[in-house]
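Pasting the structures here.
In the two assemblies presented below, subunit A is common to both, partnered first by subunit B and then by subunit C.
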Partner chain A sequence: MLRRALRLGLGPGLLGRGLGTHREGSTLAWDGKVSEIKKKIQSILPGGAWSPLCDTSHLPPEHSDVVIVGGGVLGLSVAYWLKRLEKQQGAIRVLVVERDHTYSQASTVLSVGGIRQQFSLPENIQLSLFSVEFLRNINEYLAVVDDPPLDLQFNPSGYLFLASEEGATIMENNVKVQRKQGGYVGSWGQTSDVKEEGAKVCLMSPEQLQKKFPWINTEGVALASYGLENEGWFDPWCLLQGLRRKVQSMGVLFCHGEVTRFVSSSNHMETTSGEKVTLRRIHEVHVKVDRSQEYQPVECAIVVIAAGAWSGQIAELAGIGKGPPGTLQGTRLPVEPRKRYVYLWHCPQGPGLEAPLVADPSGAYFRREGLGNNYLGGYSPTEEEEPDPGNLEVDHDFFQEKVWPHLARRVPAFETLKVRRAWAGYYDYNTFDQNGVVGPHPLVVNMYFATGFSGHGLQQAPAVGRAVAEVMLEGRFQTIDLSPFLFSRFYLGEKAQEHCII
Partner chain B sequence: MAAPRASLRLVAPVWNGGTSGIRGLSRAVDPEGSPRKGRTLLRFLADRFYDVEAVREYLLQKQVLKVLQKNRSFTYIKERYGPYVAGAYFILKQGGAVKFQDKEWMRPNGRGLSGELWKLREVPVEAVDASGCAINYQGLDNLLALKELQSLSLQCCPHVDDWCLSRLHQLANSLRELSLAGCPRISERGLACLHHLQNLRRLDISDLPAVSNPGLTQILVEEMLPNCEVLGADWAQGLKLGPEEQTRDTASSPIPA
Partner chain C sequence: MLKFIIPTIMLMPLTWLSKNNLIWINSTTHSLLISFTSLLLLTQSNDNNLNYSLTFFSDPLSTPLLILTMWLLPLMLMASQSHLLKEPLARKKLYITMLITLQVFLIMTFTATELILFYIMFEATLVPTLIIITRWGNQTERLNAGLYFLFYTLLGSLPLLVALTYLQNTTGTLNFLLMQYWTQPLSTSWSNTFMWLACMMAFMVKMPLYGLHLWLPKAHVEAPIAGSMVLAAVLLKLGGYGMLRITPMLNPLTEHMAYPFLMLSLWGMIMTSSICLRQTDLKSLIAYSSISHMALVITAILIQTPWSYMGATTLMIAHGLTSSMLFCLANSNYERIHSRTMILARGLQIFLPLMATWWLLASLTNLALPPTINLIGELFVMMSMFSWSNLTIILMGTNIVITTLYSLYMLITTQYGKHTYHVNNLTPSFTREHTLMALHIIPLLLLSLNPKIILGPLY
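Let's look at the complex of A and B:
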């Protein structure tokens, strides 16, 4: 008896070896019983997961202050800045609802990953400038103790926009605006002493272009604008994972499910001029669990729509756009999915290491990928040629007929190329003016948007997340004024048109 | 959170107690098999106690702030003495060496900076040796103001990365020699932006641990900068003998008598 007690005390290895040889089954059964009893005690004690009626650990919480619909880079960015800008640590409870945890159809991870400051609207330029500063210092913003630092694989090779005769004046004006966001004054080959936080872009004539990049055919090019710094491309998956990791460490809850219903209440009010207006407030979001009929009504204070290409559907669920057309109540969120193809090809004699992301005046673009003479590129189709966004199948004939002629014309070496792979992704396309929708809805008082960026959402995500968090916490935009991107412009008809869309 | 706990030593010198100089760097690229006991104990405690976690985060922030402090811009010196003296002061403070035009190399001596630095207001700086200094993206402002800089050595600088290389285009007119040997954060993506430096005649890109394919990168950089002598990896590095060549070699090796 004493000997057996001593052996029991000498650790599990000896226990298993010592007694197992005598009695095979009973040792393991005893261990199992002990661990079961321990689990039961732990779950009953406070803090445990035991719920007397049923197990709800797979469901989202019943209450949440903010529900963010969509867990892509925009949704996670809003969650990050909310937790970062909250007045007291742990003050706001945030829930991110994402339908697909593999992100197989999300625009974020299927994107080409470019970032540029060459836009025509000052707001877009400032958004990109802040985002690039965020990416540069990403290991200070998204640092989690004891986790490895993030490597975004940023290629600072710049963007090269080519303009034909018609587009040359617009391009010059755009470059003036880009430089003015701060005021870096410089031209090709010269630098100035005045240096502020502007976009560093230089204009090149066709001769300078030919000298700099001999592999380009400058026929039809009147002017080129080349981003010297803070432009290039990076790995969007790394940014997404970095944001997820940081946001989870800050206490944001994630839910794998789909939003199926909004429960709201209406308030009939009168404006000061006597007009009748119906304000709505969302009280609950019904989240349906994946692969099941179970749903959880999440009571929330604020809802943020960051669902990318499916934001239009979510807005319809919330009742935005249900009303007589022409009124504010009848104004829909004009964001719909548009399919875009990206092709990866190999060309042994193609441009070398210095190749930037080249955007042709026709709309075709390409960039270098890796060291092995591989290139990525695509082309945005016209309105008539828009492919059906029902699935993500790739149309290879599109490359043969539409993309290759433009590429081969611009870079003669691309006449001999071989397509290796291709994929398709969605743009959360804003049919109104191809720019983002940011900020509150005028009638649904606790709903905010962060979507509709039509292909440049990834590069502006950190700055847009901060702007939306500021509007939610302070009531107005503080660092970058995004009033031209509010929802009300769809009703008022004020387009914030962007000229430099790829 | 199921993220792996091992840190990538190559790009982790900042978290490793702040590397200063080459000695610190070699500590950072230790093989994985020797974790320090102190760190695992701290990690164990940080997983379980909020206050230990807060203390660790505070210590990390302090390290980051230390590097930022070293890289602040000296606006007063710049206004009073000009950009050349300001740049030289910045480098000397970090522990590097500066060479003004027609003068000898100036190094920081133990007793502080020499008094004649302040008299060199109009003399441009010709060469800078910033090996091992904690220069980062912000601190590069001071260097980029030196418009007549001909030779720049950034060997083994732990915080110089691809973003910093993209800023070097401002020195394209004058820079003739550049050395990036041993910098742990530079990869081939940053080397791609060196094509602006058309006056470069000597480029040293040896020992870059973050470059994925040193031989191929060497060839591509040589193609990108045709007038420049590129020192770095041997182009055959990373190539393995094919199977036929291997058997031929063993077959032809002399049998010892």
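Let's look at the complex of A and C:
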């Protein structure tokens, strides 16, 4: 009763300091004092989180059903779909642990932000198809009461892949697969028996290419595939903030900390053929608070690794990969950070507003940025010239020596350009086959992965989040079957490789 | 009665002076032996109560409850072994001491002759329970839960103290045996109304009655397993036992005063059963089902017919064993998966088949399957309520259907269906856990062969 009275007192009538500042003079200090006293009383009464002995409000809760390590777009997507697919509201307690709340090194916000369906693996195509449908209807998926709608700034300008003679056959086969993908991708507002068209991609010969994009130099190009619909680029920061806002409104707890330890227990068991395996189960996650030695053991039932470029380190903490090499126990999670540079330049005579994201057969790519003749682009270095991923310093000579020649060759207007800005970001690079790792680990029974997408994680994040949530709640993939992306492929040696030109 | 109390008190030095690896074995075995001696109380030589002294007595109402209480202590000790593994030795001994103190107070409550001794022990049981909930519970919400539990019960029972002092002053005695013959019929005046309320509210809060039940889901869910067991099995029955003792002194006022509480209980049964269908937390589901069963007991006690009294006492014993078993099962789940959410641990029958049998039996007894004593209790209550008013059959029938629904829902969600991936390597069930479940269900099933010992004094 007392508590209700106090809460009414702290309601719209007396907003404490906020309203107090609008009043004048002598009543100001008194109102502030009264509201502070009320706040103190309210926190002491049962139900308040204040404890006189030590204040633990900065620590995560002692127990959470699911702990998601990593608060980037993949982690938030998993949290969103978990909350969306749980059968009753508030059934599962989810905690997202993020080390850096400014996302200064996160791959999500440093990404170029492109989305395409032009992959060769059907699973990748389906993931991108659902993701673009999610992004188109983002204000229905991520609507929060009383908050403004999201403006993703989705530019549906498409992707243009150029192929030389050698790559032309691969490109044709890929386009066939892309066109075939369709069927029910579980989209919002569609009836279940409408068969969706697959990706809309058109193949162009060099003459058609020259006619459509006169600024391209078609030397060395045998075939081009141009995505007509559902491809382009968007603002990843907006997606991240939208997901964050929605996920917080659905009741997911955020924690600012770093995972330092997993406490687990092992079970020695035998398979049906008599082999001995050791299955492990994680009981607790130790989350260390920033800039302090304090940590909180969070008791959990499930752990999801969505830590992006640092997923390899987190997996090692959990003991994945500690064993004789060549066995399932010794199979590491092969995700490591790789630094990629993105350069922003200005070219007054450059391609116009219709320019898609052009991917050269050499590996260089660029896209239009904004309306002022600015362009973003980069180039994936070869294995030997991989930059050191220790920091995010930009190497400007890389642009001069490696990127510019290819750009200038492909688009003659780029011979005169001026680099305005540059930054570097990490790929969560899967050294095995450069595609994502999704799903449970065969030995650590309650650990799930949603990482390792090597540069196309952002565009597949909504669909991957849904897939992981389905495996956690139902036990299997229901809408998009991502079994080729399970962890066990690292041990079995089955590469899910993209036969793409880049 | 001292032959139970003194050995139980002596369990405390036994715990503190035992060798480190023997504390559990010693305390469990000795408490089991003491519980066997409680069966002696079943032989009543005549219709009067079995009087041991001026302070203690036992009659066919308190005997089954006493046997239940003493049977539960070894079970609680067995259930607590796993979650106390990592604690330092002194804390383990402290925990066991809390349980033993609680046991002593409970024995004295159920056998007290003087109502003041009953009241003191009634309040004294709150202290060890509060300590167990707030110190050894699992989440941060346990502090809140402890406060709710303590203050609800204290505020409810303070008027009882006043009423008992008043009765002592007017009647000259609070000895239960004398009170039965000495009380005057109460007329419907305001002061008598307040006295009726004062006497009954403590027990209504304890049962709990539907409007005053908020403490129960919190306390049951946040308590450790032994706390949940003793709360569900015995502490709730304290309220029922108190009501059964006090109502003979409040006639004929009960016929008028009972109406609002009857309505609350009848409606509350259906409400709490329906809430069970929407629960995602397993322990919370079992806690709400406790409220639903106890609402039946309240209605039975308030209409004061011989059949309803028999139904109430049977239902109390049956529910005690069933609820305690369900909490033990939920705890065995929790110790493996570290989460109480039901949808995260599904399809367990494939991994733990024998535990699935116990789940099946517990769910079947919870939904009052014939010929268990749960059914006997519910049936007696239903029949007496029907004869009190024909319309109650609609509400009670609905309640039985919804009880079946949520018991089966709980069973199907946890045991059957497709399992999720992360339940792959559950540690197999321990023999200790199987013993625990067996020791719960065997008395329950055996009692269906001879239910007359739990049918209470009016049989």
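One rule holds in what follows: the second predicted complex is superposed on the first by the 448 of 502 C-alpha atoms of A that agree within 3 Å, B and C clash if a C-alpha of one lies under 4 Å from a C-alpha of the other, contacts with A are read in each partner's own complex, and residues count from 1 in each chain.
Assume a contact is a pair of C-beta atoms (placed from the backbone, for glycine too) under 8 Å apart; a residue touches a chain by one contact, two chains touch by 3 or more.
Worth saying up front: this structure is predicted, and the values here are computed from it rather than measured.
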Which superposed partner A:V175 touches (first subunit B, second subunit C, both, neither): neither
Which of subunit B and subunit C A:I302 touches, first, second, both or neither: second
Subunit B versus subunit C as contact partner of A:V468, first or second or both or neither: neither
Which of subunit B and subunit C A:A224 touches, first, second, both or neither: neither
Contacts of A:L371 with subunit B and subunit C, given as first, second, both or neither: first
Subunit B versus subunit C as contact partner of A:P149, first or second or both or neither: first
Partner chain(s) touched by A:L353 [first = subunit B, second = subunit C, both, neither]: first
First, second, both or neither for A:I138, with subunit B first and subunit C second: neither
First (subunit B), second (subunit C), both or neither touched by A:Q248: first
Contact footprint of subunit A on subunit C as seen in their complex: 138-140, 143-144, 147-148, 278, 280, 337-339, 341-347, 418-425, 427
Parts of subunit B lying in touch with subunit A, wherever the complex brings them together: 1, 3-8, 11-12, 14-15, 43, 46, 53, 56-57, 60, 64, 137, 141, 147, 162-163, 165-167, 169-170, 173, 187-193, 195-196, 212-213, 216-217, 220-221, 223-224
Residue numbers on subunit A that touch subunit B, as the complex places them: 136, 139-140, 143-149, 151, 153-158, 189, 191, 195, 228-230, 232, 245, 248-249, 352-354, 371-372
Interface residues, subunit A side, partner subunit C - complex: 46-47, 49, 51, 61-63, 65, 86-88, 90-93, 265, 267, 269, 279-281, 283, 299-302, 440, 445-446, 448, 471-476
